[in-house]
Structure formats: C-alpha cells, structure tokens
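To keep things simple, chains are lettered A, B, C and D as they appear, and every chain counts its residues starting from 1.
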Amino acid sequence: MNTFGRLFRVSVWGESHGPAIGALIDGCPAGLPLSLSDFEEDLRRRRPGEAGTTARRENDALTIDSGLFEGRTTGAPMLIRIANSDVRSGDYSAIARVPRPGHADLPAFHRFGGCEDFRGGGHFSGRLTAALTAAGTVARKVLLTLPVPVRCAARLVSAGGESDPARFEARIQRAADEGNPVGGVLEGTISGLEAGLGEPFFDALDGLLAHALFSIPGVKGVEFGLGFDFARLSGREVKDELVSADGTLRHNFSGGIDGGLSSGNDVIFRAAVKPAVSFGTLKSVDLTTGKPAEITPGGRHDACFARRLPPVIEAVSAMVVLDQLRLAGRVGPVLRPQTDRPGLP
Amino acid sequence: MNTFGRLFRVSVWGESHGPAIGALIDGCPAGLPLSLSDFEEDLRRRRPGEAGTTARRENDALTIDSGLFEGRTTGAPMLIRIANSDVRSGDYSAIARVPRPGHADLPAFHRFGGCEDFRGGGHFSGRLTAALTAAGTVARKVLLTLPVPVRCAARLVSAGGESDPARFEARIQRAADEGNPVGGVLEGTISGLEAGLGEPFFDALDGLLAHALFSIPGVKGVEFGLGFDFARLSGREVKDELVSADGTLRHNFSGGIDGGLSSGNDVIFRAAVKPAVSFGTLKSVDLTTGKPAEITPGGRHDACFARRLPPVIEAVSAMVVLDQLRLAGRVGPVLRPQTDRPGLP
Amino acid sequence: MNTFGRLFRVSVWGESHGPAIGALIDGCPAGLPLSLSDFEEDLRRRRPGEAGTTARRENDALTIDSGLFEGRTTGAPMLIRIANSDVRSGDYSAIARVPRPGHADLPAFHRFGGCEDFRGGGHFSGRLTAALTAAGTVARKVLLTLPVPVRCAARLVSAGGESDPARFEARIQRAADEGNPVGGVLEGTISGLEAGLGEPFFDALDGLLAHALFSIPGVKGVEFGLGFDFARLSGREVKDELVSADGTLRHNFSGGIDGGLSSGNDVIFRAAVKPAVSFGTLKSVDLTTGKPAEITPGGRHDACFARRLPPVIEAVSAMVVLDQLRLAGRVGPVLRPQTDRPGLP
Amino acid sequence: MNTFGRLFRVSVWGESHGPAIGALIDGCPAGLPLSLSDFEEDLRRRRPGEAGTTARRENDALTIDSGLFEGRTTGAPMLIRIANSDVRSGDYSAIARVPRPGHADLPAFHRFGGCEDFRGGGHFSGRLTAALTAAGTVARKVLLTLPVPVRCAARLVSAGGESDPARFEARIQRAADEGNPVGGVLEGTISGLEAGLGEPFFDALDGLLAHALFSIPGVKGVEFGLGFDFARLSGREVKDELVSADGTLRHNFSGGIDGGLSSGNDVIFRAAVKPAVSFGTLKSVDLTTGKPAEITPGGRHDACFARRLPPVIEAVSAMVVLDQLRLAGRVGPVLRPQTDRPGLP
C-alpha cells in the first residue's frame, strides 16, 4: 500500500493539488542530528527549473511535525509535511471527463469509483516524489554516519538514446525546443555495503530495490549489473572471479548482488524512464458519453523528466538499504545516545 | 523475508539437499477443487530433462499436508511439501571452503555466520523454484475460475542473443554441446485483468511483479511494455490513445500498467536471465587460508536455465495478481460455497 | 510499530508537546462523505473538562491534508493533523533527570538512548489518543454506512470499585476532591457483526481487539464475555445453546467470539484502566547521579482517566472491525461510487 | 492471519484430523544448537495423559524438514512437522450438520462457506497448540543463550475458583470424576528483560503478548500486574517507586510493562481459560433443516484444559519477546558463527 519497509518504514501521502504532501517515517534511529536545511539540496535537485523542466514553481516549504527534539531524531515517527503552492487547479478540470492515456487517470477512476482527486494526477502525481526525496534525505544521513559510510548516488546516463553527456544535454535542449520530451536512463550506485545484506527468499536486495524503483512514476525497466546484456552472453563471458574473502569480485558483472544478497561490491543498477506524454492533443474517450474525445492538457511538463530523478533514485535506494541494515542488526534503534543525559548502561 | 503477499501469502522453505522443500500458502480462497495431479504439468515444465538441461533427476514427489478437505481447499493454510530425491551431497563439499563466484555462497556465508547449508546453494538454490511453481499452480487455478478468467503465460523469447525460435533452439543446443551455457529473455503476459488493480503508492503492480520476479534466481532485469526502449524514444513516438472507457489502448506501449495500476490491457513484461556460470574451473579464494583457490563444481547445470522458467514466471505473476485481486475485493475468502452443506445465508 | 491494521491501516504520530499529533489512515474506502465537523463530538467526549478531568485545555484544531476531495474520501491516504495548543513545556523539565515511576519515562530513556522527547510523556502521552479517536471517527462512519450497520459503543461501568453509576460518579468526585485518582472498567459492545469475522490462527478477533486495546495508555486488563469468571466456573455452567443457523446463542457467554471468530452475537468486552499516578511527590532516581530523588510533576491529571476513554475504546474497536471486514471482502475499496462521473461498469 | 511476528515469525498450519500439523519459523537466528530431543519435554508437558486430561493419545512425532544443518540452525526457514496419529474421524461426523455451541464450528462454517475441515475443530483445534509449543521450544532455546538469559515460565494458579494448589488439584479431580470440566487461570513470568523493549505505539509489549495469548483456544481474559485490581484502586495505592536507573521498581505493580515498554522488572501476566464445554448433550441447530437439534460430541476432552497450557503460554511469550529483541537489535541474525569455517571478519 502506501508504506514501504519493515523496520525503516516510509509512508507517503498527499495529492498534487491538495493542501500538502508528505512522508511519515517510522523506525528512524534515534540520535541523528537533523535540521530543515538538510533537506534543501535534495529538494532543489528534484525541483523543476533547469532548461527543459516543467514551469511549475515549487517552493517545497518543508516542516517537521514530530520525531525531532532539540535538533536530533527521537526514534518516534517523523512527520514531514511539504505544503503545495503554485497550484492551478483550473488547468486540470477537463480530466474529470476525459482521462489522459498513459497516465493513472482511467485506472484510478476504475479503482476508486470516480472518487479520486483527479487534479494533476492526484495521489499518482510525480509531485509525490518530493516526499520520497525528503524521506531519502533522512535515510542517506543515517547511512553516512555508519563506521563504513554507505553512499547512494544516481545520475542520468542517457536521454533520447544519447549516452554521451554533451550529446544528451543537446538532445534534451532540442526536446525542449520542439516540445517533444524524451526518456532517459539513470544509473544508481550504492557503495560501502558489506556482503550478506538482503533477505532470502523474497526480500532479495534486487527485488526490494526494483520494487521501490518501480514505485517512481515513469520508471519502466530496472536491471542490475550486466542486466539485459546477460541474456545474450554465454557463461564463459560472464564468469566472475572472487579475489578476497570479503567478497570482492574482479568484474562485478552481477552489479553487487548475487543470490539476492549484497556481494560486498558496489551495487549498480539502471532504471529506464519514459518520456512525458501529456502534451499537445491526446486522443481519448469522454467518460460521460463513451464517445471518442480529445484532451489538451494545459499542465506543465518536463522535456526530460528523468533528469529530475537522481535524488529520488537515491532516496529509494537509501530507504531500502537502511531497512535491510536494520533487519540485519547493523543499524540499531539508537544511532548515538544523547550524552547530555547520563545514566545509560 | 521468505513470505510474499498480503492476503494471498506464499512462504517458501527448504534447501537443495535437505529432506524436502515446499511452500506454505495462507489466504487461498476456500472451495477450489484441487488434486495432486493438478501440479504435475507445471512441475514437469520446470523439471530438467530436455536437451541441454541439468542431468539432475527430480521426481518432485508432492504431498499436501493441510488446507485440503474432500478435494477442495478449506481456506486454512495449505502446506505443500516436495521431497528431495537424487541428492548427491558429495558433489558440493568443496564449497564449504571455496565459494563459487556469481552465487550466493559467499554472501550467505557472511550473512549467516558460516552456519548456512551450503550444499548445492542450500536455501538459495534454484531448486526452490519448484516450490514457487507449485504455489503458482494453486494461484493460477483460482484465477481461471473467475467470471473473466485471468491467464498468466510466459515463454522464452530469446537465448544467447537469438530471438528467432528456430535459431535460439540451435543456439541452446550449441551451448549444450560446447558446455558453455547461455542466458535468455522470457516474456510474460497476464490477460483478463480489469483496469485499476494495484495499490498506490508502493504496491504498484509493476513494482510487485518486479519484486517477485527478481526473487527468481538468475533474473537480472525486468521491463514492462516498451521498457528500456522508452528511454531512447520521444513523447510523440510513445503517445498512446484510449479507445474505450474500460481502458483499452490502441498500442499498449506501457505494457498494461499506467501509474502503477493495471490499465485494462494485457500486462506484458520481460525478464532477463543470466547464463549458468558454475561449470569448468572457477577462480575463487579459500576461506580457511584467505589465499586464491580454484573450484571445479561437480554439480549439474543447464545449457539455458531460462528455458525452465516459464512456469516459475507464471507462478509469481499469478501470486501477485491473485493477491491484488483479493486486496481489491474482487476475490473473496470463499470461491464457491460447499453446496453439500446448506444453511448459508 | 506505529501502524495498526492490514487493509484499513492507522498510523499515529506526534508528541505531547510538539507542534502537532495526528493519524495517517491508509485503506479508507473511497466515497465516504466526511467533513471536519464529523470529528467534533468524539473529540469533545475525549477532551478533558468535566469534573475531575485534567485542567489542560485542548482545542483539538483538526485539519485534513489529504485523502479528501469535494467532501468525500478518495481512497488515498488521509492525513489527519491536530495542532497542539496550551503546551506548557516548563512543567515537565525535571523529568529529563528524574523519570516518573509508572510511566514510559525510564523505559523510553533506555530504548531511545536518551534522545526521546520526554516532555509530558512525549510520544507515549495519553494525548495521542486524540489521534486514535479521530481515526475512529472515520472508521465508525464507514461502519454505519453498511447494509447492516456495525456499531461500536463503550461506557464506563465501574470506577474505584463502584459499579453503580450514581455511586461511581460520587467516587470520582471524591477522587477529584482528595486529589487521589481512581481506576475504572470500561465495557465495549460491537453490534451488527455477522458470524465468521476474524482470521485464524493469530488474527483472532479477540486477539486483535486486545492488541489494540492494550495500545491505549493505562489499560492493564482485557476480557471477553464472562472473561475471568470463566476460570472459576464449570463447563455445565457455561454451556451455551445455538438457537439459529446465523449463530445466535442463548446466553452469549463467550462475548460474541468463539474460536477467534465473531459468532454472530454482540461482541462484549471489558478493559481495566489504572488510576493516574503522577501526582503529589514520586520517589525515583536521579539519572545523572544514580541517587534516590523525588519528583513533583507539575503536569495536569485526571481524577478518573478511564472516564475519557469511551471514544478511544470505540475508535480501536472500529479500526479492528473495519479492517477485518475489508479482509473478509465485506467492505471493498469503494464504498459508494461517485455518481457525478458516469462511465463505470 | 496464520503468521505472528515481524522478524522472528511463526506460521502455524494443519488440522486436527489431517495428516499433520506444524509450524514454519522464519527469522530464527543462525547457529543455535538444536536436536529433535529438545522438543520432547515441552510437548510432553502439553500432551494429554495426566489425571483428567483428554484420552486422545498423541505421539507428537516431530520432524524438521529445513533450516537445520549439522545440528545447528542455519537462519533459513525451519519447517517443523508433527504427524497426526490416533485420529478417529468417525467421532466428529455429526458436526457437519449440527455445530457445537461455544466452538468455532458455526463461525468457521460461515467464514469458509462450508468448505472448512470440520473434523475435531479442524484448523481451530486446540491440537494446533502443539505446533505453537514446538515453535516456543526454539524461541526459548534462543533466549537462554543470551548473555543475560531470558526465561519464560507459566503455571496454573487457580482452577474452578480454587487458588491453593492442593485444593485446585482436588477440584480438577472432582471435575474429572463428575465429567464437568473447570476453567483456570495461568500466570506467566518473563524474567531477564532489560528496560525498553516493545514498540510504540501499537506494538506495545502488553498488546503483543495479549494478542498472542488470545490466539490460544480457550483464553478469555488477559491482565498485567495488578490487572483488573487496578480498576478499583486509587492512585495512592498503586504509586510505585523507582529504585535504580536500570528501571527496578519497589513493587512492580504494572507487571513489568509501563507505557507499553518493558520496565526492567519481571513481566507478570495472567490468562483466564474457560472450561471445556463439548461434553454431554449440546443444544444446537441442524444446518440442513434450520430446526433445533442436539449433538453429543463423542470426542475427548480435558477436565481442566488450562492445565496443559503452561508450555503454550511459555511458547507465545518467548515468540513475542524474541521478536522484540530482534527488532531492538539485541538479537541479530547470527547467534554464534560457525567456528569450523574461518574467514569471517
């Protein structure tokens, strides 16, 4: 449902055009120093504004209503709230009758009996990734405090079929100029993980990461290590070699995960993101008449939505990894005791 | 952990070389006619034996210890047990000291402190997919009883880079002849799903399917609809068109899932499977000495492991879909009341 | 952790002296008419103010940030936020050094490494039952829309050992006058439940109700039907008689639950609530010195805390029952489709 | 459903008159020495046979099909199977038409649409407590290996209203002689717990214990510390005193749990168990005709069923506590590494 994780649990809530969106974090270790300014950089990276990104202005006014005391996490649930501003509901009113193909509009209409908040995608909006991003900021801060810090990084590695950075920037600019958005591929890297993380059988580390990644609107494919290239190669070509007892491999073909557990090497994955499709005129049906109809979404969109996703990818990676570290007993309920209060054993 | 699903829950247990493996199903609707012979066909499809598959003979002697009464499911937990036979433990003894690269051997050693059953991959063995397959047989039978039957099908669509069936058969035969296995791609199709299935935000239907698919040993990539091709295309190229209020799309580029919910079209996905790597001589380390060492696994392997996976892919697809149908209230706790016992309202 | 329920899920968050407390509801059926005024009556019943209740003035300014659209629930997560007002932090500062016996102060200190918000009990405060109450208002509204409405009612049946209403009112008044609070017993009744609700083996309806009831601060005992009296009676004395095929029993000794499932009779239970103990001078230890110390909590307390709990008892009862009705398929994801939007099948 | 616990998870399966019952344990730490003989004593204590207990002979032939390797737990799921023997199905055939009042017969009939295995209570039978007991044996063994061993003990403290051991033994004998069973009260004690165990808000330690205890067939009431006596006492009478910073209290009125967390004192609770009622002639209805009918269950019953429950109470106590210790990071996934296999960091 709207919660992910076993011990480090993140619930997202809110709609694109409602009063606010946010995340409720349960199981955050106590004792993490945290302030509102910690969230700024990640939210800025996700925020539209660069060339070719949507014209919607999001202030991302973030507040924390619980779980924080004297500048440190308490271990109690942390409610993060991000107020929605610059909401122009008028843009989206036609969607009530004519759903946009390629969006959740019609599936949500069927699922929620027409009661869903359809404005701007409602609860299915990409806007909710801001809440994910904020939860990820917390998770990543925890991971960086570990004796061996765990780092989650993500970057755009191709857009519109171009893999060279200079060329894909030009490709995105052209997409913006032509009003014809492009998709892209992001690569994520998780470093600092020891061998043995993940849970057999179903909570394989790759399974959990993929689960979380596909929750991000627009992600249509996920692969680890050689990924789909594995399928066309032979065993001899992809035999790896163990070079030390800690799990280090010569090639890391598997992308840091073997048998569903971390192998002690960098976890490396790629996610394919589709281009925005709600621009120009869309062919659809009118729900009231059942007849063909067209819709011209007045909403804002990105020339390359994928470009805004690195902090979101990093966020879900960190959520998954931190949860597994808690399950494995590597991160406990207290990160650092409050030394101002003696008396602990 | 070792359980998947919310209302239709499957737990797998067992080790490759232990007395038995199996699945515990909780939440199977009551009233499904079921007999041991129902399991035969799927287990046979997964079983080694065709050209190029492993020489291990598995009888798959399946018994059901609970949840079945007078030929129908009772709604109580169903314990499925498959005895292990043809277990040659001697083949695997060297693994205790020298783990195989590209397997769970070393990660499991770290995770379980050296206490894991390392014989033949133990709990991480592909052998456990027989238990998954059996659980899938039950789930698929339930899905076929629905007013609009839901069908889960999977097939190998490429092997060793060859996509033409005649050519990939030849490619697999060559892999068998040369003792150099190949990977492959499987395509899964789920038909009969109405629009609106799946749970926002994290239990997106694609997220759940990917989670379950990555639990299958050897799967390294999953994509839906155009998948990774989306990343190189432009919005104009992948704009779809809604042709009726039930959700039918002209192209179904998204592979039956939009915004994490079923769109009312066939769900179509592909899974990339890597080739077997534990053949010939493997370079590794000796855990006792920390020095480089080689291992020559005497175990059996498949020329194209992917070829045996269609029933497993179908199984996890059916598990996910049935669980979501239960969550959406489309499948209740009783499939068909026992008419021999009047008195129900 | 801080979430209860499988399909109707309630998460509580907040601290007694933080900016706000609240509840996040996931899985509320779509289409329930709901307005802010619906919450007033239950919050008023829980609010201090009557003779002998704490002097803290709580405005319970409640807002809903998501999950509500055009006056009806959407099926998306509903964030309920209740601002804390009348917060006098100064009252509680001594607790940081000297924990109050009979409270969570010291256990929480150990659990959260001294990082917990200790003001007024923090996340462990009875204040959080306001959030529970609000979640219960939603659950109870859903239950009342069913074809056979399900009603959850609770009332104080004894206080300070007095079971006659006139006498226990006098007893509470005396407790207030003497500044020596009393405990009490509440009785809960759930009517309108058909037979068969609850989940074997562990999610017995009594088990779930007890679990939720013990989450309410101050509850120290729970019994169903004859409860502890069963233990001193003989089989002949407690043999019941089935009088119709729908499950109706002559005596309902079991309190509406047999074998963990609802029996088709009223569910009847009692909860024992302890008296407030943080008044006057408390003997404790100083955490800084480890030496004996006394604390005189300046905070406010109730002469009979149990008296404020009926809406809280009703809330958790409704949460449990609604969740089970969803699990049993009796309540689906949509309560009533939005008829202003035709096009649903 | 049929699974309890977050990290130490126990699933029970089986029916009274099916081939077998059992428990599937997921999350048992690796490295626990375990053999089949470890289960004997607990199963013997639960087994009928003493004066006044049911005449059913249960051999409790227990086998372990997974999760055990070279005499130690592996960390993988452990399947415990107990074959049913001495099954006389003929005894129970009338129940198909005429359900026994005070049992799950009729509720289960409604819940499972008449498809349930009704023989001897089926999945709702007290027989399943043998599986619980076996799971408890494992949990208790883990708890005893801790640096400060945690001990779970339970004993009968009253029967038929008699609290003196000599007198309640006589009372039970009389119940056996007269064929009129009696109820009883069991007291459980958990010692060795440090302060701070349990999870706010809903996974209060008392809530979890109560949840698990009510899963045991026949339990109708649960209380902690002074329990229901709290309700008639005043604050002055139940004020406790903290005597050291580790949480030690002078009186432990609360029974070792304050604010839902362990307080560092012995956890003490009582469970009320009802007498067996399925003896002699029971007044019921015939489901086929809807008319009144009588049933004379030929099955076996106990003069004081409560007497057999100490190992079951201990089992669920241990399950709850071990799960919480895992959540709190006090027990990790490996209890003791396998020292025969060097190479771990």
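Operating definition for what follows: a contact is a pair of C-beta atoms (placed from the backbone, for glycine too) under 8 Å apart; a residue touches a chain by one contact, two chains touch by 3 or more.
All of these numbers come straight from a predicted model, not from anything done at the bench.
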Chain pair with more C-beta contacts, C-D versus B-C: C-D
Chain at maximum distance from chain D, centres defined as averaged CA atoms: A
Separation of mean Cα positions, chain C and chain A [Å, integer]: 35
Chain B and chain C, separation of their C-alpha mean positions in angstrom: 43
Distance from chain D to chain C - Cα centre to Cα centre, in angstrom: 26
Where chain C touches two or more other chains at once, by residue number: 1-3, 7, 12, 76, 109-112, 123, 200, 245, 287, 290, 328, 333, 343, 345
Of chain A, residues touching chain B in the complex: 1-4, 12, 99, 101-112, 121, 123-124, 128, 158-161, 175, 180-185, 194-204, 206-208, 210-215, 217, 220-236, 238-245, 247, 249-250, 253-255, 258-264, 272-277, 279-280, 282-285, 287, 290, 292, 306, 328
Residue ranges of chain A in contact with chain C within the complex: 1-3, 7, 9, 11-15, 18-22, 24, 26-27, 30-31, 63, 65-67, 69, 72-79, 81, 96-97, 109-117, 122-123, 287-288, 290, 333-334, 336-345
Residue ranges of chain C in contact with chain B within the complex: 6-7, 76, 200, 245-246, 326-329, 331-333, 343, 345
